[in-house]
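Each of the two complexes below includes chain A, the first together with chain B, the second together with chain C.
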Partner chain A sequence: MKQLFERLRPLFAVTDFEQRRTDLAFLHIPKDYAEMLIRHLRDHEGFSHLVFFTAVDYIEDGIFRLIYMLHNYATKDTLGVYVDLSRAEPVMTSIHPLWEQAALYQRELKEMFGIDFPGSPGVDEDFLLEGWDEIPPMRREFDTRAYAEKTFFPRAGREKTDPRAHMQAQLYPDEGEK
Partner chain B sequence: MKNKDSMNDQELPNDGLTYPDTEYYCKTRPVPVAPQFEAMEKIRNWARANSLSVQAFGTGCGAVELRPLMTARYDAYRFGVMTSPTPRQSCVFIIGGYASVKTLKRIVVSYEQMQNPKFVVALGSCTVNGGMYWDSYNTINRIDYYIPVDLYISGCMPRPEALLAGFVKLKELIKAGKCEGANTYAENFDWYKANQKKIIKDWNMPDYNW
Partner chain C sequence: MMSAPDRSRYPELVDGKPVVDLDSEKYVKLWHGPQHPGITGNMSLELTLCGDEVVECKTHVGYLHRGFEKLMERRTWIQNFPVVCRIAVPEPAFNEYLYAAGLEELAGIEPPERAQWIRTLNLEMMRLASFLAWLGGQAGAFGNGTIGQWTVTHRDYLLDLFEEMTGGRIYHMYMLPGGVRSGLPDGFEERLEAVLKRVEKLLKEIKLILLHNSVFKARTVGLGIIDREMIDRYGITGPNQRACGIKRDVRKDYPYLVYDRLDFEVITGTASDVYERTLVRYREMHQCIDLIRQILERMPRDGPFHEPLPNVLHWKIPPGETYVRAECTRGEKGYYIVSDGSLYPRRICIRGPSYTHAFPVMEKMAIGTDIADIAGLMVSLHTYPPEIER
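Let's look at the complex of A and B:
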């Protein structure tokens, strides 16, 4: 897959090539060129399958990292394309012209992370969270536990034990804390 | 409830509906049904307990337990338990584990469409106190704040044997005349509705579906 990276490097601003297995590699590309690169990979390098498309919230770095996972059936290679978006302006080019099913991923990302994909079909409709009016729940600054305790009438009496200490007391009560 | 009669006169607001729909749905509240004389109720409860129709609505991971339960392996028909395809033809509602807010909306619609008397079996830890999803942003913690529950079966997941034991217990409760969930719902209708509306924020259905 190193040859693939060498072929791409004169054409696109790809950086940080990382080979994790013989058939699995990752590379980074700036936001503005990502759609072009993915189109090139699909049409000219045989990466015809969009395996998945998701995002990770790196709140410390102030970015959302989009991950496009592409698969090549001929060579059985899998390539992950990392695209960093600023958390302040999470807008990305839609890839639904390349793969129709990407629209569903993008609808989910809009709802769960608040990343907008202008022009993607149905991107503003509710997907799983009907009538959600807080910040998107998969963002790391969203306090899930506080929200649940505020909203869902928690039942009193829930106890929490450390699994290790609990099993130690159950199985080896004489040995004490190690 | 204190002034039950004056409450029943009030019409439901049906705020969530827009114009043509407001004409189609009823504004009447559910009304508690007082038991008739005792001997008759005993016969009826005996009959109710021995022909339970389970609504075929899987509301969580616990719904997978219903397949072995109803088919040849555990064969719940031995116990007089059968399945029915629609809410209007069923009397037992099994809440199969965790319920997200989106599912809860469908649960409320289905529960209200079931005819009296109706019984709710809450399956799994998630219905008791949220289970392993207790701090999730989208999973309700206790189902009894939204619909009345007659019987809990704890576990994660309970096996079909536990469900069968639950059905035996449910029959005992019905025969003893303790399963009055539909009346509880009608009497505390405002409280249940307020709880439901607190978390179902896009309320676009009638206040009482029947």
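Let's look at the complex of A and C:
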């Protein structure tokens, strides 16, 4: 996998290569070169399988990190391509011409993180949430607990047990809370 | 020279989207699901029909969306086990295994030998139980409802064994980081062998009643053919891929647990239609039984089944990210796990084969299919909606 990185380095602005296992590695690429790199990996390096495509919200750094997980069936290597997007301008080039399922991932990312992929088929259609008018729910600042308390109401007479206190009593009765 | 297909019956395409004028009385919109015996789980297909033929299909999910991936971000690592097993109801064990394996990799834990064998046994039993549920659905979609009753009964015999082994029939929470929660109960192996014999007998009968049934063959041969070119283009994995002759299986290609110490071949087909996919899965059910027997014959009976963990209420996983994969009944299942070194996961993304099988693949293959065959086509792709909705 390191050899692959060395081959890619003169062609694309790839950085921060990290070999997680012998068959799994990650690298970073700036947003503007990402689509070209992914196309190159698919067409010339044998990474024909889009395993999944998702994002991580690093709110403290002001970025969304996109992860394109690609797989090469011939060499059995899996490569995660990381692309950082500014949270202030979460727009990315669509890869729907490369894989049929990419449009669905992009539709999901639009709904769940608010990341836009202009031109991606159906990207503005609801994926799971109908009539959602809150912020995209997978963003870190969306508080599931506050939303639940605001939206739903407690059932009268229902007893609640704090899971943490219960596990403490069951598993570590002799240890105090640290 | 072939003439161009007659598209006069199909809706006009504008900007790549079909325009359906229901007032033209040429088309009918029909919702197939979410309440329909011929749909797999809580999802629906929005079909546009021209006569009996489907001219457009749109998959809809969201009926049981609970935001699993989001919920996991505010629970401690160990508290997520009751969440992950709900991400594929008929086969929760693959989720448990993958989540545990991902945490073990990030935390540098090596489960003991005996735990690896017990996990493999659990996963193969799970595969057999899940295939039994699917087989009943596949038969029922073509009018053989009785077979569904038989397979569900036999699945229940396996659930009895899961209850003995783990304490739970459906959701087990049995595989934890470091190993499994317990060894096998006394007499378990004999009872498991007795159930395997009953399942074998059932499969023999199903072969005669379903696979040799001329009506079933007439309706499934040539239906829903997945072209070889579609495999990578759509990210198709598992039996849907193997039925068109591509020999790929995570258990063989990227061995995990003790699969490299078991003797088995990757089962493939050629025709890639609904009948062939049924046949591939049917043969994989026999393979499951064989693998379970190999495990019972070779597994160690003594030794620890769990590595001690630190206090799990204060357990911080070292920062890092990984992707682990396994072969579930429907193809490649994987967990992408990101830790920032805190008590909680930073991000977990679940890769389930249904994501692509139920959406782009189903939407493409439904077009031109007779409405009566839609349920059978859907079941032949073997999809579970929770892993789409996560």
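Assume the second predicted complex is superposed on the first by the 155 of 178 C-alpha atoms of A that agree within 3 Å, B and C clash if a C-alpha of one lies under 4 Å from a C-alpha of the other, contacts with A are read in each partner's own complex, and residues count from 1 in each chain.
Here, contacts are C-beta pairs under 8 Å (C-beta built on N, C-alpha and C of every residue); 3 or more make two chains touch, one makes a residue touch a chain.
Predicted, not measured: the structure shown is a model, and the values here were computed from it.
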Determine, under the contact definition given at the top, whether A:T144 touches first (chain B), second (chain C), both, or neither.
-> both
In this superposed model, does chain C or chain B come into contact with more residues of chain A?
-> C
Based on the superposed arrangement, let me know which partner A:W99 touches: chain B (first), chain C (second), both, or neither?
-> second
Pick one for A:R155: touches chain B only (first), chain C only (second), both, or neither.
-> first
A:G114 contacts which: chain B (first), chain C (second), both, neither?
-> neither
Which partner does A:E175 reach: the first (chain B), the second (chain C), both, or neither?
-> second
Contacts of A:G46 with chain B and chain C, given as first, second, both or neither = neither
Based on the superposed arrangement, let me know which partner A:E130 touches: chain B (first), chain C (second), both, or neither?
-> both
Note: overlapping chain A surface for chain B and chain C spans 126, 128-130, 137, 142, 144-145
Can you list the chain C residues touching chain A in their complex?
-> 16, 61-62, 65, 67, 69-71, 74, 76, 78-79, 105, 232-235, 248, 253-254, 311-314, 320-323, 325, 332, 334, 336, 338, 346-347, 349, 351, 355-356, 359-360, 364, 389
Can you list the chain A residues touching chain C in their complex?
-> 20-21, 23-24, 26, 48-52, 54, 56-57, 67, 69, 73, 76, 78, 80, 99-101, 103-104, 121, 126-130, 137-138, 142, 144-145, 163-164, 167-168, 171-172, 175, 178
Would you tell me which residues of chain B are touching chain A in their complex?
-> 100-102, 105, 128-130, 134-142, 145, 195, 198-203
Okay, in this complex, where on chain A does chain B touch?
-> 126, 128-133, 137, 142, 144-145, 147-149, 151-155, 157-158
